[in-house]
């Protein structure tokens, strides 16, 4: 199929918003199983009740993973991305509790040309918000894009 | 239960190695389902066959998640960690194919005292290696630790 | 093993009832993951709260799938079925909410002989009921059966 | 958010094609677990080897479910759909084996106005194709759409 | 619903055989995730290759769990069982490799009356066989049954 | 890697305690799916409400499986175990409800030398406790250990 979207289609400073997903107990239990992270703050209700949070938290790295998934589901990047290069400055700002609903605000933060006119590097700032509009996580997501050249 | 391990128990430059896990097709399919990342390079064998990789790749963020899980399963940090603060400089160095086996080499990279003598911040460098000992991913993992004070 | 049951063992108009299953949040989240259907009415509690349903609904096609599974688990058809031919007139009559419990009432609706005396086609009407006995879905399920010939 | 797409945006006879997904052993095992359909043709390699297929088949209803998911992931309907009304004429044309890759060709087959100018009913014909372009399943998918009125 | 089957319906020494299930890599990975058993003999292909088995084994307790499930799916006990009392003499006779297909042969081994004429205790010997008819596991499964009194 | 722990490192009568895990609805639904045990006491809220328990119970064999997993996650046996030999005297003492949190108390109960000085057999008594410290299950877990010889 012909390429439908290119890195050129995104302007510096442009902002997109994804759909949302409710982070359920199922997400937390399945995440623990897939990754092996059975830390009691996520898996032991009695332990969590004695922490300052009072209940089980979603795993931080899962919020990152769900954010990446939400951006994919939103279709904004479509087929413009060639490769994922990395992540910088990932910070957890607030805990996500079971039952919270998260969505992502994406901002085109940096755009760099490469020697190859058909390839460009961009950094998109992903800000994960909960149902109250509070920032729970943010990170810089770096990708290689197809460019019209 | 009494605290068994503290941030003080880790020396700058110290290195640990975790156990390993084989990244299976099941991991990839379950990951897509949990996060919503159905990008064809991971989910469509026919598409992947036409890329320069020749076959489906594991999702990059899953390698990060599995690395965090492997360190947890290794028990090295035990109950010394208070909170996960964030990640910097996450880079994918090589693709991980279905059937590859990964493990993590952890190096204590930075140790910082805080105003509270019972809390310290440390950065641990996680290097993910495949079954040929090649580095597939690396990142700085920043955590708040209990300190003996 | 010898064939234990044949299409001849079912009389036109005969009715069977299956066991029941509670449709949980886990079913909904796992279903989304397996099929890729992350529509917000199923996955986003905040979105669902603003609809006329007031909460997340189970995916309609999952009710179909669970109905097929319940009939299988009931053992009624046993080893009499050769192949699944198709479905007609599938209709969703009422939404299924997380926590509802569904069961299936099966009625033998049509029986057709084929040129091969050992093969017959039958249509079974599957009516899915919730815990209040309300019909939530119905469909005609068409199968090829072993016949005594 | 403002409505972005309406039933009016689809012309009778228009055709869309979705992305594809490889149907893996993981899909089959997870499907059996979610629905309770442990029929040996899907779950017992030894049994399947003695059938005319020679190996385990994917569950027919799962192909339906994956097709619905693929259309959702393609984003073609976006937020134009109000409700799923039902399915007619679902037929399995060829078996899907573990390792086959399926995609959906969608054709706008029927468009009906309702008394409410802001609501329309449409039937879309979903044709599921394998990696050789062969039709494995087809069905009519009936939905209620937002109309510009 | 009226009780359909009673402990009285099973004769001492009677033998039943269940259907079979192929133990897949998906079973092993999902089992590890659900239970937290990430022992390398099950999860690390490279480690397993160096053992005398040469490849990853299915978890022993999963063979037990699958056996219990296969007996349930066979429908033999139907609604006659009141409660599961325990297990004795569970032994692993041979390893189960990924790709093996197991089924269960059940023998009614002990029948005991209780003071309550409507309740009886029975021990059923479950023998798990692989696709070559070799015994891989056996155990005594003790249950409380409804009796006709 | 060099062997880190041996059977000799455990003294007769020694007691260990594992971390805990909350048994969620997700565990129950995923367990049913993996094993095929869809018994209504676990899967049908309406049925369970009419039993003396008043609600759905966790599957007994899952408590066994989670106990084995919790001991593995605790790291107590580390790499000292060569093989799992079997289980005796598994008894369910109390039901586990969805939402209960379980942990395991392990006692070294029997230690037997074999003809091979580098191999020893040990029986560890696993007692599973709920959040109120009540025993819900107990069993003898028999393993072959590496010995210093």
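When the chains are written out, they are named A, B, C, D, E and F in that same order, and each has its own residue count from 1.
Basically, contacts are C-beta pairs under 8 Å (C-beta built on N, C-alpha and C of every residue); 3 or more make two chains touch, one makes a residue touch a chain.
Please read all numbers here as calculations on a predicted model, not as lab measurements.
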How short can a path of touching chains from subunit A to subunit E be, counted in steps? 1
Among all other chains, pick the one whose mean CA position is farthest from the mean CA position of subunit B. C
So which pair out of A-E, A-C or D-E basically repeats B-C, with more than half the contacts the same? A-E
Farthest-lying chain, centroid of Cα atoms versus that of subunit F: D
Interface residue overlap between copies subunit D and subunit F, same or different (over half shared): same
Rounded Å distance between subunit B and subunit F, as computed from the means of their C-alpha atoms: 28
Expressed in whole Å, how far the mean CA point of subunit C lies from that of subunit D is 17
Subunit A to subunit F: how many Å between their CA centres? 37
Identify all positions of subunit E at which a residue touches two or more other chains, and write them in rising order. 21, 25-27, 30, 34, 36, 38, 73
Over in the complex, which subunit A residues touch subunit F? Could you list them? 25-26, 29-30, 33, 38, 40, 43-47, 56
Taking the complex as given, what residues does subunit B use to touch subunit C? 30, 32-34, 36, 38
Note: in the complex, subunit B contacts subunit A through residues 21, 27, 30-31, 34-39, 60-62, 64-66, 68-70, 72-73, 83-92, 139
Spell out the residues on subunit D that touch subunit B in their complex, using ranges where they run on. 19-22, 24-27, 30, 73, 99, 101, 131
